[in-house]
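Got some structures for you, see below.
You will see two complexes here that share subunit A, one where it goes with subunit B and one where it goes with subunit C.
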Partner chain A sequence: MSETVKRSNPLIWLIDPLKSTASNADPAYRFTWSQAAWMLPLAIGIAGLVISAVGWATDSHQFYFSYLIGWTFCLSLTLGAYFFVVIQHLTKARWSVVIRRIPEALIWSFPLLAVLGLPIIFGMHDLYHWTHLELFDPASPEYDPILAGKEGYLNMPFFMARMAFYFIVWTFVSFRLYTLSIRQDVTPEAGITAKQRKISAIGLVLGGITTAFAAMDILMSLDPHWFSTIFGIYFFAGSFMAIMAVMVLVSMLLQRNGMLNGVIKVDHYQDLGKFLFGFTVFWAYIAFSQYMLIWYGNLPEETIFYRHRMEHGWETFSAVLLICHFIIPFVVLLGRWSKRLLPLLGFMCVWMLVMHWFDFFWIAAPVLHNEHAAMSMYDISAWLGLFGVFSAAFMYRMSRHALVPQHDPRLAKSLSFTNS
Partner chain B sequence: MLNQLATEVKASMSIYDAQEDEVYGLLAEFAHPGELLHAAAAVREAGYKHYDTHSPFPIHGMDKAMGLGNSIIGWITLVGGITGLSLATLMQWWMGAQSYPIGISGKPFFSIEPSIPIMFELTVLLAALLTVGGMFALNGLPRPYNPLFFSKNFLRVTDDAFFLHIAASDRRFDMSSTEAFLKGLGASHVETIHDREEEDGV
Partner chain C sequence: MNTASKDKTLASLADFHDEAPLVTGNLKFHDITELVSSHTEKKTPLAWYGAFSLALVGLMLLLIMIAYLFWNGTGVWGLNNPVGWGYAIVNFVFWVGIGHAGTLISAILFLFRQQWRTAINRSAEAMTIFAVICALVFPTIHVGRVWAIYWTLPLPNQMGMWPQFKSPLLWDVFAVSTYFTVSLVFWYVGLVPDIATLRDRATTKLRRMVTGVLAMGWTGANRHWRNYEKAYLLLAALATPLVLSVHSVVSFDFAVSVVPGWHTTIFPPYFVAGAIFSGFAMVVTLLVIARKIYGVENIITVDHLEKMNIVILLTGTMVGFAYITEFFVAWYSGVQYEQYAFTNRMFGPYAWAYWTMMSCNLFFPQFFWFKKLRRNITFMFIISIFVNIGMWFERFVITVTSLHRDYLPSSWDYYTPTFVDVLTFVGTFGLFFTFFLLFLRFLPIVAVSEVKGVMPEADPHFYDHEGDGHDAAHAVNVNAGQKQ
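Up next, the complex of A and B:
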């Protein structure tokens, strides 16, 4: 660690591992918004979590599912940001430098998410059927030979060890990426860019494997009989789509409040819009690939997943997912004009983030309510609560440093980027 | 009327009709890509429509300088995509359920699930083919004969020279005033091009 970039005190470390470098920021890249930027989402977050706490007291089964969906939503945004940063470094991308600080600040959410994930440990028995040990006991009437066969993988100690491993990997890579970039802001040493690329290469491989397994562990094992080898990519596709929406919305918020005007231009927005469109289609492609093979194979332990989602009212939710997560955004975002019409692009980004949450809801909630479809108010409150706290920490982090990697060697190319 | 329309359509593909005296237009040479860019903007502002620029590499901002606007190629792609999608759906239904129905492991003769890959592929295929074909058509390609090839100087266009060509078919074209105008823009060399179809090019 160099002279000018210092570690923050251990209490703040969870939110930002470095002391504020805002005074080193170029005036054009300074965060000038008031504290409301993070106090407001924090207030919403706390309110949401307090309402959810009522849910925990009255209907803990529902609460844990709601909480898991909201938590997975925040985790997927962070993983999307992780992949975005890593890919930008590896491809030596020029266009994205002006918006890269947004995902860079997002990836330091992993430690906070690890802490916010602790309540899930107490709800493991409610969430995950495979935690019921009688399933593995041949003498028990509950004995389930299929799940007993999966005991070697689906058991608590191994699950917890895997979770710990994922978060350690993600935090380690994110720490390197985040601190290297902030260091470059303050002391533009040669070689930082090469170091970022090196950790990105390692990060991409580790991230790919851990994300696929994390998606299987967190979401797929809710329905432990079911399996789908494409599920990790399905999770990634949605996450990478959602991070584009987040970058667009954060950029718009900053610009509305008088920052980065003339730095982030409609050309950058259009490119983010292209990625948003592309990964909406990619999500549909993967979702359909998963569906078609299961439809064709017609094996009971695979079709059960779709069967649960096509009866007892869930068929409406499935139709909403198909129409609103794919067909409508496909038609709206197809043209060039809609990606350059910023109010419409912003609206579609909010839309896609809601649909991204709905995607997780559609995966997790039918496990709980398989007899009749239901959406609980705690689904919304836990989502807003976690997302509020998550956003507050993110905004606070943004306020402590320059809004753009100001000494990145490719910044000038990004500033003058056009795609007309 | 129809002839005029054909002329304009051809002009949009950079194919210009020569005048009766075989004059095809004026070819101005510029030393730098920047000069060509400014000249193109000035020519557009002067109201010329039938003109084109030639350079060894793409010049950023040239589309704006020439006022080309957005290409309609996207709409051609859309037409290709929709055609492919409809054809594939029809084909899957007709072959599976009408022409030769075979029962395979209890699956319906026609259903949307296994047809989607075919629908997707044909959508992409026709969209891609029409995009490439449309791009060629909009650019007037392939074009083995071009009167500009009569200019010896023009051979350098793939090497180190930058050219602006104003066609004689343009309404504002006038041999002397257009030549003076091009010289005024900083052209190092202005040449009259004749369309002599019967002769051999260089």
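Up next, the complex of A and C:
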């Protein structure tokens, strides 16, 4: 660590491992918003969590599912940001430098998410059927030979160890990426860009493997009989789509409050819009591949997943997912004009983030309410609560450093970027 | 120093640090034209005749094998009762897969503004088209009654008979023929400006006439370029989903069934990754040789090859991870048939094929983590051959190991190809190289106009600071654009 960038104290470390470097920021890239930037989401977050706590006291089963959906939503945004940063370094991308600080700040959410994930441990028994040990006991009437065969993977100690491993990997790579970039802001040493690229290469491999398995562990094992090899890619596709929406919305928020005007331009928004469109289609491609192959094969152990989502009222939710997560955004975002019409693009980004949450809801909630489709108010409160706290920490982190990697050698190319 | 000039210094610094130039050897615009066009104009070298004769021998072999097959029927192949799909489908998937790199380079890398694609897109697209032709041979000849092949098309007829629209084999007909058509049009559109260059350089009447017709009246006018660029963008946008859809549909051929080892949801993206992987390996194999013989090492530089090797490393690792995911989920599924299929792949009678696949596709490309190795021409050539072999074996492993031991142990069998199987496959290389050598001989193997477009001289401000007074005006513009 160089002289000028210091580690923060251990309490703040969870939110930001580095001391503020805001004073070093170029005036054009300085965070000038008031503390409301993070106080407001924090207030919403706390309010949401307090309401959710009522849910925990009255209907803990529901609460844990709602909480898991909201937490997975935040985790997927962070993983999407992780992949975005890594890919930008590996491809030596020029266009995206002016917006890269947004995902860079997002990836330091992993430690906070690990802490916010702790309540899930207490809800494991409610969430994951495979935690019921009698399933593995041949003497028990509940004995399930299929699940007993999976005991070597689906058991509490190994699950916890895997989660710990994923978070250690993600935190380690993110720490390198985040601190290197901030350090470059203050001391533009030669070689930092090369180091970022090196850690990105390792980060891509580690991130790909851990994300695929994490998706299976967190979401797929909710329905422990069901399995799908594509599931990790499905999770990635949605996450990478959602991070585009986040970057657009954060940029718009900053610009509305008088920052980065003339730095992030409509050309950058258009490129983000292209990726938003592209990965909406990619998500649909993956979702269709999974659905069509299972439908066609018609094997009961696989169709069970879709069967639960095609009856007892869930068929409406499935139709909403198809129409609103794919058909509507496909039509709206197809043209060039809609990606350059910023109010519309902003609206579609909010839309897609809601749909991204809805996607996880559609995966998790039918496990709980398989007899009767239902959406609980705690689904919303836990989502807003977690997302509020998550956003507050993110905004606070943004306020402590330059809003743009100001000494990145490719920044000038990004500033003068035009989308012909 | 005002902000504008500071930004400008930053910009030139970035230029300096960013990337090695795409074209080396201090070539000028005219050198590029000369370097590429002269090969189509000079007297045919003897070596070309040699290579072409060899390719024609292969083509004859293919035709003889096909004639032998038609005369005798598919009994001359090594197919047996559980293994009803053998070399034909393996070779079909192999060749279709090869094609994908060309479309990725010409379409997806274009949308991603990867300028290095310009040096290799022409030859890669040519490879795509020829590979798809080779691929189409196999579904055509495997139907048995080949004279009824047109029944695969939904043509109205007096019998009121239609193909089975629910079958992925029919989707293949649509997917591959669409792919072939779009690739051909895309390739031809890209060729037009270069053919016009050949026309303008033509010295004989015949040459002028042929290139004149093919150039479709191209003059290089501003309006031509505007239309051309729009068409190019639209074709790239059309070709991009095709890169994913074609091999996804090919994967459906297997994955819609309930055969263990075939029926798994990861197949579509995993096949696409594998196709790009194998295609890039083939591009490296071909271009390592072609750039040497044609002396275009300054246009297709080691940097270009290195970037392709990075793609090989990336997609190879993705494919390898898909193998591992499949294996893990087969265990996780708790379905004994799935579990058996994958253990049988690894340790059964075809373990030799499985481990050939694993080492060629997952392990060998890992050498490309080392910069020295991925910039070493000999080394990358060897690895690219291994990848070609490995990806052929991947399709062999998928097809044969899943079939040869099905649900009924009494019908288990071992599949061995016959000489007809092997020689037909060898013959398709003859077909491929016949086309490819004709391409090398008669068409510009590098997209001349596109390469010029990514050279620094193509920048309208390249000649600033040379005393013509234009740069002062330019500085004002930069100022206006950046500080609002």
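To be clear about the criterion, the second predicted complex is superposed on the first by the 420 of 420 C-alpha atoms of A that agree within 3 Å, B and C clash if a C-alpha of one lies under 4 Å from a C-alpha of the other, contacts with A are read in each partner's own complex, and residues count from 1 in each chain.
In this text, contacts are C-beta pairs under 8 Å (C-beta built on N, C-alpha and C of every residue); 3 or more make two chains touch, one makes a residue touch a chain.
These numbers were taken from a predicted model, which means no experiment stands behind them.
In the three-chain model built by superposing on subunit A, subunit B clashes with subunit C.
Of the two partner chains, subunit C is the only one touched by A:299; subunit B is not. More subunit A residues lie in contact with C than with the other chain of the pair subunit B and subunit C. By the touch criterion stated above, A:114 is placed in contact with neither subunit B nor subunit C.
Once the two complexes are overlaid on the shared chain, A:98 sits clear of subunit B and of subunit C alike. In the superposition on chain A, contact is made by A:336 with subunit B only, not with subunit C. When the two complexes are laid over each other on chain A, subunit A has residues 292, 296, 298 in contact with both subunit B and subunit C.
Put simply, subunit A touches subunit B in their complex at residues 288, 291-292, 295-296, 298, 334-336, 418, 420. If you check the complex, the residues on subunit B that touch subunit A are 60-61, 63-64, 70, 74, 78, 105, 113-114, 116-117.
Residue ranges of subunit C in contact with subunit A, taken from their complex: 7, 10-11, 13-14, 17-19, 112-113, 241, 244, 248, 252, 255-258, 263-269, 317-318, 321-322, 325-326, 329, 332-335, 369, 478, 481-484. Here subunit A touches subunit C in the complex through residues 91-92, 94-95, 146-147, 149-150, 153, 201, 205, 208-209, 212, 225, 227-233, 261-262, 281, 285-286, 289-290, 292-294, 296-299, 301, 409-413, 415-416, going by the rule given at the top.
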